[in-house]
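We call the chains A, B, C and D, going by the order they appear; numbering starts again at 1 in every chain.
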C-alpha cells in the first residue's frame, strides 16, 4: 500500500475545562488510503463529527489536537492556521448535515459555489461563476431553472444539499468529508443525494469520509468502516467484514438498534418484522468515562476483566489488505451473516 | 470533579448567587444605590446651600472647600448636583409610572383582544414614534408651561407606546399557550387571565424595560432642562446646570463637566442594572451565557 | 484622519487670514437675533431697527447717539405757536433705492398708512396725535396734530416713522427699499443680511462699501467669532460674563454704554398686597440693585431710581431713594400689615437678565420673609398672560422703549398703575411749550414715580459693544434701537 | 411587491395626515399670540386685530387646516408668520445643514458601531471585548449634548482643530462647511454608535455561531474573511432595523445639537418658530419631520428587503 492520504496516529482531541483536560477523542488510529471510502458510524456523542472537524481543522476554539494527523505527508496537527486555510476547501472539503442552515442566506448560490475557486485557484469572478454553472449542472440543478443568482431560501432542502455538494467539490478536493449528508432530508431525497455522491466520487476518484449513523447508507456507500464509541474507534475493517462479524458488542448493539442493521441480524424462522433492540443506558459523559472499557457498563457480554483495563484495538483478521480490528477483550466470534 | 459539572448538576442557583454572579447587576445596584443615597442625603444635608447666592465665591475651581467648584452665583456645584439628583429621580419615576401605568394595560388589552383594538393601539404607538420625542415634549411644555411636573408628563407620554409595545409583544405568545387557552375555555375573563397568567410571566421583561426607560427618562429630563423646559430655579437640575455652564465653558469648564458626569453616572448605573436584571431574569439570555 | 485634520486646520487658517487681510471697507457686525423681517413699520422687534435704522430707511428726523433729534429728510421745520402744526421743509433730490424720488407724497403716504384702521404699525400710538398730513407743494409737508405733543419730533425720529414709497412698501419685509446710504443686497435666512453702499445717496456717502449683519445667538459662539475675527464688531453683546476675555484681547475694544432700556421688577399694582405703596417700597429696600446688576449683567448696568435712564434728556438721579436695607423693608412690611411677609410669584420671560434676576431677587426677598415662587415663561406666554392679561404678581422685564414715561399715564397698562396726579403731570408735560418747562416736568415725573415706586426700578440696560480696535464710528450708547453704521470706517 | 409598496405608501400618507391633524390641534391650543409677538409691547389692540385679519386668523379653524394641508401635500408649506416668506424658502438652506449633519452622524454611528461591534464579537470573552463593551456602555450613557460640550472643550478650545460652533456655510467651500459639522456629527453619532455597537456585537456573535460560517471556513476562508464576508452581512440585518428606529432619535438629537453648536438647521428653526409662535412654520416643520421619520422607516424596510433576500423575493 502506498502512503495513505490521511493517517491519524494516537490522535486525541482534548478540551480544557478549568484546570483539567478531558479527551473528547482518545488515542485514535485510523488510516485512509487514496480513493478509499470510509464510513464512520456511532451514536450521537461518540465523537465522529469531532473527528471530521479535527481533520478539517474546524474544531471549536477551545479544543486542542494531540497526536499525529497526517494529510498527504503534512501534519495537520502542527500546521499553521494560514497554511491550513490553503488546504481547506482546496485539498479537503466537507458537506454538513443541515443544508437549511449551511448556506449563507444573503448570498446568491453562484457566489457561494464560486467563492472557493476564486480563493484557492485565483480565478476571476466570471470564470469561477462559469465553473459554478457547470458544477450546478453536475449536481443536477440545470439552468435556467437553477440560476446562479438564486438565493438559498428559494431552494428545497435537497436542492440546497446539492448546492453544498457543488460547493464542496468546486476545487476538486482529494478528500471529501460528508457529515450526515442526508439525515435532515426526506427519505426520497436521501437516495437521490446518495446516488449523486456515489456518481461524483466514481467520476473523480475522491477519497470519502462519510459520517453517519445510518448503517444502510454505510453499507451502500463505503468500502471501509470505523465504529466509534465514546471518543474511541471500537471496531474497524472492510465494511463487509464488519457487517459480517460485528465483533464489538457495541457494534452489534448498534446494528440491532437500527432498522437496517436489524434486518441483517439472524432471526428465528417464522418471526415477523424484527424488533429493534435499544442499547440500555447512555453514552457516558466525557467527564465520566471510566478508565476501563467505556462500553463495559452497557455491555450485555461484560465480564470481570472488562473493568480492569482499556482494551486495545486488536487485529482480528486481514482481508484484501485491510485489517479488521476491534477494541474488545472478548470480541464476538460468530458471524452475523455468513 | 470540575466546577462546570457541579453547576450543571446543581439546580437553579439561589437568587443571591445569581445576583452576585452578574457583574453588571452588582455595579448597577451599587451605582443606583449611590444615586438614591445622594438624593436622600440632600434632604437633610448638603455641603452648602444649593440656592444661596454668594458672589464672593463665584466661579471657583474645584478645591477642598468646594469639591466640584462653584457657579457664577457662587453656589456649590456638588450641593446642586446632590439636590439635582432628587429632581432627576422624581421626574423619571413619575415618567416611568405614567408610561407603564397606561402603556402596560394598553399593551395587555391589545394582546388579549387583538383585532381592531390591537390595530388602533399599534397605529397610535406608530404615530407617537413618528414625532421626534424631544420636539413634542417641547411643544407640550410650551402649551402647559415649563416645569418639573410638565416634564414628567411629557416624558411619560413617550413612555406609553414603549410599554404598550413591549407588553403586547411579550404577552402575544403567551395567549397561544395551552394553559392560557385552557383558562379561557374554563370561562376566565381576559382580565383575570391577564392578571393571573400573562403579567406574572412577563414581569421580568417589564422590569428590565422599567430600568431602561428610567435611564432614558433621566437623559430626557436633562435634555428638557437643558433647553430650559425642565425643573425651574431655584430647584437645581443637571440639564439646566449644563446649559448655564455653556457660556462659562472657557473660564469655568468644571461647571460643564460635573453635571454631565452625574447624568452619565446615573444612566450608566441604570443601564447596567437593566442588563444585569436581564442576565438573571430572562431565561433566553441565561441560556446563552 | 490626522492629515485630514491638519488640512482642515490649514484651510481654516487660510480662510481666517484672508478674512482679515482683505480690503478694509467692509464690516461684519455680529448680532444675537435675526430680525423677523426688514420692515420697521410692520413689527416691533429691535433687530429690524438695528439693521435698518438710518442705514436703509430714513425718517424726516433722526435721533443721534447723544439722544438729540436732528434733521434728516426734512431740512428744517417750524412749529406753530399752539404747538399743533409742524411745517417740514423737505430735502430735494432724494431718491429711493428703486430710483423713485422722495417728496411730500411719501410723507403723507407713510404717516397716513401708520394711522389707518388696518395699520399694523407696532407703535401706532406714536402717530395717534396726527390729525392730518398735507402737501402744499412737493417740498413741504404740513402735519397737523390733534393736541400739543412735546415728544412729537422725537417720536417721528423712531424707526417706525421712516419714509416709504407706495411702490415698494408691500415687499419691504423681505426686500427693503428706503432712502438711506446703504441699500439691501441679500438676506441668507438664519445666517446674515448684507447691505451695500448706495452710490446715489443724497447726503454724505457711507465710508464702507458693504456691511454684513451676521446672526450668532449663542454667546460662546459669538465670543469665538469676534476673537477669531470672523465678525468685526458685536455692537450689543449679550453675555456680560465673557467681557473680561475681550478686555484682555489686544485687538479688541470694549465699550460699555447704555441703552434707554429700563430693567424693572414690575408689580401688579391692582393686586394685593402690591396695591399698598409701603409694600412696594419694602420690596425696593429689600432688593440690592447693585447685586442684581452684578449677578445678571456683571455690574455693567447702572442702577436707576425711576423709569428713566442717564442717557435720556432730563434725567434725575434718584438712586438714593431706596437704599438696600432689609431692616427698613421689614419695618415697611410691618406697617403695611404683612409683618410675616407673604407668598408671591415672579413670572420670568426667557432673557438671561430676567431668569437670573429672578433667582437673585427671590433669594433677597427670602431675607425679609417674602417667599417668591419663580415661574419662567416663554416670551409668547409672557406677552399673553402678563402683558395682555395682566395676570401676574410680579415680573422682571426690560422696558426698551425710549422716553416711555407715558406708560404710567395710560388708562390701561399691564402693571395697572393708576395715579391721577401722575396723569396730570404727564398731560402738563406733553403740552409744555418750552424746553425748560419740559425738563422741569420730566424731573417731576421721575420723582413722582420714585416716590410711588409702582415698579422696583433696577438698572439701565447696558449696551456692551465689542469691536476691532481699528473700527471707528460705532455707537457706544443706544438711545433708540439702532446700529448706525453710516459713519463707521476702518482706521488705517 | 407593487401592491406591498403601494399599500405601505397609503398607510404612510394616512399616518402623515393624522400626524398633521395632531400637530395642527396642538398649535391651536398653544398659548401665545403671534401677532402680539410681532407687534411688541406698545401695540394697540386694534393693531393686533388688524394683523390677525392680515394673517387670516379670523377664518374658521377647519378652513385654515384644509388650506394648509392641501398646500402641504403639493409642496406648498405655507408662509412663515414671522418672516413673511414661503416656508420652503426658509427650509432650503437649513436642509443643507441638517441633512448633511444627520447623514454624517448616521455614517459615524454605523461605521463606529461596525468597528466596535465586530471587533468585540471577534474577540468575544477576551479583554478587548470587555474594554470595547465597557466603552460602549459608557457611550450609551453619555447624553449627546454633554458630549457636545466635552468635544467643544477638547477639540475647539484646547486643540483648536474645529470651530466651537456656528456654521460657515457651504459658500466658503465644502471643506469649511464639513469642518463645522464634524463636532456636532460626532456628538450625535458616537452615542448612537455605542448603542448600535452593542447590537452589532450580539448580532455578529449570533451569526458567527451559524452553520454557514462553518461552511465558509470549510471552503478555506480565514476566520476574518468568514467574519467580514459572511457573518457581517448577515449581522447587518438587525443593525439596519435599529438604525431605522434610531432615525427619529437622530432627528430629535439634531434639534438639541443644532442649538448647542448654533447651527442654522431645521432643529433651530423649529425651536425658534415655537418661541416666536410662528405656528404655520411649526406645524409644517413638525409634520415634515414626522413624515420623514415615517418615510425613513419605510426606506429601512426596503433596505431590509435588499439585505435579506428572503424578504424581497418570496421564494416559491
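As a working rule, a residue touches a chain if its C-beta (ideal position, glycine included) is under 8 Å from a C-beta of that chain, and two chains touch if they have at least 3 such contacts.
Everything numeric here is computed off the predicted structure, so don't read it as measured data.
Between C-D and B-D, more C-beta contact pairs join the chains of C-D. The greatest centre-to-centre distance from subunit B, using averaged C-alpha positions, is reached by A. Centrality annotation: D (chain centre taken as mean Cα position, compared with the mean over all protein Cα atoms). Between the CA-based centres of subunit A and subunit B the separation comes to 54 Å, rounded to the whole angstrom. Here the CA centre of subunit A is 92 Å from the CA centre of subunit C. Look at where the CA atoms of subunit C average out and do the same for subunit D: the two points lie 39 Å apart.
With centres taken as mean Cα positions, subunit D sits 23 Å from subunit B. Taken residue by residue, subunit D touches two or more other chains at 31-32, 152, 259, whereas all remaining positions touch fewer.
Among all residues of subunit C, those that touch two or more other chains are 218, 220, 350, 378, 381. For subunit A in complex with subunit D, the residues that touch the partner chain are 56, 58, 81-82, 85-90, 93-94, 96, 98, 101-108, 115-116, 119-120, 151, 153-154, 164, 167-168. For subunit D in complex with subunit B, the residues that touch the partner chain are 15, 18-19, 22, 26, 29-32, 137-138, 140-143, 145-146, 149-150, 152-153, 157, 248-249, 251-253, 255-256, 259-260, 270-271, 274, 282, 286, 289-291, 293-294. Within the complex, the subunit C residues that touch subunit D are 5, 7-9, 11-12, 15, 36-37, 42-45, 117-125, 173-174, 188-191, 216-218, 220-221, 224-225, 230, 350, 378-381, 383-385, 387-388, 399, 401, 404. Of all residues in subunit D, only 210-212, 214-223, 225, 229-230, 233-234, 237, 307-310, 313, 315-316 touch subunit A in the complex they form.
Those residues of subunit D lying in contact with subunit C across their complex are 31-34, 36-44, 46-47, 50-51, 53-54, 82-85, 89-90, 93-94, 152, 156, 160-169, 172-173, 175-176, 179, 182, 259, 261-262, 264, 268-269, 275-277.
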